[in-house]
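Each chain gets a letter, A, B, C and D, in the order it is written, and its residues are counted from 1.
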Amino acid sequence: MTTAANRRTSVNERGVEYLTPDPDAFRAYAREHKQRRLISKLMTERDAIAAFVEDGDYLVYDCNYLQRGPASLIREIIRQRKKDLWVGAKFTYVALALLVQAGCASRADVGYFGSRGPVFSRAAKEGRLQFYEYSNAGMTLRLRAGAQGASFIQNRSLGGTDGFRHSGACVIDDPFTGSPTVVLPALYPDVAIIHVQEADVYGNARVFGTGIAHAETALAAKKVILSTERLVETEEIRANPGLTSIPWLAVDAVVLAPFGAYPGSCQGFYASDAEHTAEVFAAMTKDQLGEYLERWVYSVEDNSQMLERRVGETKLLELRNREVIREGYPS
Amino acid sequence: MTTAANRRTSVNERGVEYLTPDPDAFRAYAREHKQRRLISKLMTERDAIAAFVEDGDYLVYDCNYLQRGPASLIREIIRQRKKDLWVGAKFTYVALALLVQAGCASRADVGYFGSRGPVFSRAAKEGRLQFYEYSNAGMTLRLRAGAQGASFIQNRSLGGTDGFRHSGACVIDDPFTGSPTVVLPALYPDVAIIHVQEADVYGNARVFGTGIAHAETALAAKKVILSTERLVETEEIRANPGLTSIPWLAVDAVVLAPFGAYPGSCQGFYASDAEHTAEVFAAMTKDQLGEYLERWVYSVEDNSQMLERRVGETKLLELRNREVIREGYPS
Amino acid sequence: MTAATTFNEREAEVCYVARLIEDGRTYWVAGGGGPMYAVLLAQRIGYAPNAQYITEDGAIAPEPMLPFDPIQTMVSSRAGYRALQWGTMNVAQDYAALGLIDYGILNTLQVDTHGNINSTFLGEYPDSGRRFGGPGGADSIAAMAWRTILMTDQQRRKFVSRVDFISSPGFLDGTEGAREAAGLPAGTGPWRVVTPAAMYDYTQDRRLRLIAVSVWTTVDDVLKECEHHPVIADQVATLDPPSDEELTIYRTELDVRGQTSDRGSWITWNGEKYEQMEDGA
Amino acid sequence: MTAATTFNEREAEVCYVARLIEDGRTYWVAGGGGPMYAVLLAQRIGYAPNAQYITEDGAIAPEPMLPFDPIQTMVSSRAGYRALQWGTMNVAQDYAALGLIDYGILNTLQVDTHGNINSTFLGEYPDSGRRFGGPGGADSIAAMAWRTILMTDQQRRKFVSRVDFISSPGFLDGTEGAREAAGLPAGTGPWRVVTPAAMYDYTQDRRLRLIAVSVWTTVDDVLKECEHHPVIADQVATLDPPSDEELTIYRTELDVRGQTSDRGSWITWNGEKYEQMEDGA
């Protein structure tokens, strides 16, 4: 089941390294590895991360640790002590800090990450962390290009900034208008982790509410792990195909993960844990992420044990009850 | 209310003319003309076509005359005897024939059109019709590029064909991989007509079922006319924002048009009229489109009179009853 | 399986393609008709119960409600029924661009020795000849699906050395790497051509090769209906006629209005051999 | 409107921006906090009842349910409540790329005389200095919205001649056409900078210009908190302090937890004039 996704990189004339945007390589991978059959991909978080996240992978998570993100899968990556991940660090407050503290991440394409505390400067100083500069929407455009089978995509932004100089982007003459235009390299991550509200066992998944780039991420990534609040029958998927955000074709693993976005919120299911949010930010600021990880990751076996031992039923019920908005979400 | 959308064209080194893909020109137009306020855009089909379709416009309709297309708006364009339209002729069986027969269309970017009968060769011979060659999905990619504010987009297709030689596409060296790659010029149509199942008076619209490129078309076009089976309250839109396919920002006119897709089908609302379908195909084959237009367009004042006098309540009820599938459509 | 004794040659063609359908693979079918019916037949008869198909309008793995009204093979509730996802044309093409679609199945007007497809113009483009509707979805399917299956008629004007207009790409000029040089995805291309009378594949050097003929015809008769001389396989197989089982499903569940057999000639077993009747008889 | 007698300087800043909000226009607000509150305040108090905003996660014209939990200003049910459309980050940026978004409102770390914005690095990138989080959505907003309103603090280290790192584009090197030459959409750029103490616009030649100061401060005091010397308008206006009406809505409907006034100094009316208290007092 493990697959060498073969991270290949290029270096541009400014000396910036970036993941090579090779549509034909993705196609060849997809031909061989993406499962066309409707077979169950249901597995534990442990098995999914063990099978599909390899040291050295380029990792993208959709949303983040505090907002309908794959928080339980991020913790499992840390628990399994994956190494040398290159992280698509867009729209993220604490996940990159956790991954760097844990020694999992060594590179980051930056959109935005929460930068409190000493963890980043320490890692950078010790040569354990390299940054490349993009923007949030630049990163989702790169994923869009990947999801469309392209190698590049125009961006009306990024041009003229210092971020541009430290990115894989380049300026070309528009073949039709002749004007200078910025193009970004498509991003085909090795592995993506995405938290959804509903999925069937094959990986047909539904996302409700606003989002970052779940569909693009699922399509562009070579290996895709979904965690889902709730399993639904495929009959239910077929009864309303307009709700399907991600097709089974893109998906390698489905992990049933109620409260998988905890401590974050999950629209229509539960609110975020504000106390925990404060705790993790404080841990960043006070250089106590080691303790944080010990308590919330290493000392528990999996997400369900964490919820049981560290959060408790009363709190979980409270978080469910605090999600009062039902309109537009699954009943 | 009328606006000079200013069709500008380019000619490539193969002598092929194409609409100039100028994102900044679109932006300038949108800044001035796209209504940000929530004001009612409800109007009659006559007023909408009179206000927003000008002679010489580049016209795109989404879907087609027989499949959830803006059939009533196409007929109104013909009724108002618009001239010199350049048609984005993708995924279409009879609409282009009607527009050419009526003297409305003088150019077509071809994806696919039903080519039976003498109407096209006659018009071409008389110099009244010029074709340019793309493909269905090439045309929707061009609209996608437009909808993203781009001037071009990669296409893994079209290369090497004779269609390519007669299109506005070109081959460039991929700036990242160095490989030759086909890029299509973005399409910013002057005017788009789109039939939807539900919309509010501002133009927030919902499309159910499969489709061609409704969202892309609405965003890429300078002027957008929606016809809708049903008006819904904005409160209903706000109660389920995940269903909104097209935002009010893109829309200039909303026409309430029950059976607006007739003789085509409209998923969840009614089946197509198979007899009428046969009639219009026969008219193409037998060079009787003039008679067809007289009966179904010129001799009636508007869509509702056509439905009343030419179709009749019994037939309409039958078409509604023949749409037996409810799953996934509005209740 | 029992060989049928009376059937239309176009029914036979659909059965031939249905037998090519590989289980657990994805198909992009052009339009409705033959290509879609071939996959549905393969699913329902059990040749490929886990084959899935998508359509140009983004019906992803539907279980359609049959029959369709005329033309309503896309953007209709019956055609998109019980899909796993409803997308659009751009969604469909994205999946193909990403290499997720194994096979494309097309219908067309004219094909040449390198598998190039014409659905745009017969004669000298643009002024001298007959205009047709253009590639539709076929260009994208032929470019991006890994393998392309083409369904057409066995007629001289359809099997030509060089199509009058390349609407959808085969192997282009037939040279190695021609598709890649034109920007098309690597490793893709024509795979089979199926007619009511014969089946073809492609040689290593990308030339059309006759590999099988229908039981009621001969290699010579097929070659008479080719303008150019295709390569002929060392062993030309005989295609089994449709079985009763195939035809029962096809006629009772799929093409219940008999649109397939509206045109094309009928074949009957006369007790000794299969005979082809006059066209449309 | 009655001038308020006690308020936080950051509350004043939000009120200043709220008064800039133009009715019937569209705004792309960065993150939550000040930018979002400014539009909501303008809507609710009636300065701009028909202004609409979008967020990075594709909440299109929401009517949010307040208050938010910490960080939950995007991708949460309360933040996206009663939107007209739920999109994604790419949807939000498409609308801006198409010129449909009139204004962007940003918060930032550092701004320079040409309106360039730094939210990436203070010091010498990449090794010598302090790392910050990067542009987030600000780069896209500053590039593609027609006009950009920047909210920041009036501090020397924030108003510099040249930012240490251009995360999001202002007028770049300030030459005419510099943005267009870099590939950015024509006709866009910085429009206002608002701090608790002052307001700036840009001159014809794209240089930051002081146009107004808060009632409790002076031009000289503001200039002390600029590393470079901005252009000074011929007439420097005085910004009206927040009104009771503004603050009532702000405190009871919007920032009900007082997060805005967690930091920043308080201003009070001592019967004769407004006085600034110690930071955090």
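Criterion: a residue touches a chain if its C-beta (ideal position, glycine included) is under 8 Å from a C-beta of that chain, and two chains touch if they have at least 3 such contacts.
All of these numbers come straight from a predicted model, not from anything done at the bench.
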Between B-D and A-D, which chain pair shares more contacting C-beta pairs?
A-D
Centre to centre, by mean C-alpha position, how many angstrom separate chain A and chain C?
41
Between chain B and chain C, what is the separation of their C-alpha centroids in Å?
29
Residues of chain A that touch two or more other chains: which are they?
23, 148-150, 156, 179, 181, 209, 238-239, 241-242, 327-328
Could you pull out the residues of chain C that touch at least 2 other chains?
80, 82-83, 86, 97, 144, 185
Can you tell me, using the touch rule above, whether these chains form a line, ring, star, complete graph or other shape?
other
What chain pairs are in touch here?
A-B, A-C, A-D, B-C, B-D
Chain D to chain B touching residues, read off their complex:
24-26, 50, 52, 60, 62-63, 80, 82-86, 94-100, 102, 144, 146, 185-187
For chain A, which residues are in contact with chain C within the complex?
23-24, 26-31, 34, 36-38, 147-150, 204, 219, 234, 237-239, 241-242, 244, 247-250
Where on chain C is chain B touching in the complex?
55-59, 65, 69-72, 74-83, 86-90, 92-93, 97, 120, 125-127, 130-140, 142-144, 165-169, 172, 178-185
With touch defined as at the start, can you tell me which chain B residues reach chain C in the complex?
63, 66-68, 89, 91, 93, 110-115, 120-121, 124, 131, 133-138, 140-141, 144, 155-164, 166, 171, 179-182, 209-216, 265, 267-268, 271-272, 274, 277-278, 323, 325, 327-329
Can you tell me which positions in chain B touch chain A when the two form their complex?
10, 20-23, 148-154, 156, 168, 170, 172, 174-177, 179, 181, 183, 185-186, 208-209, 238-243, 327-328
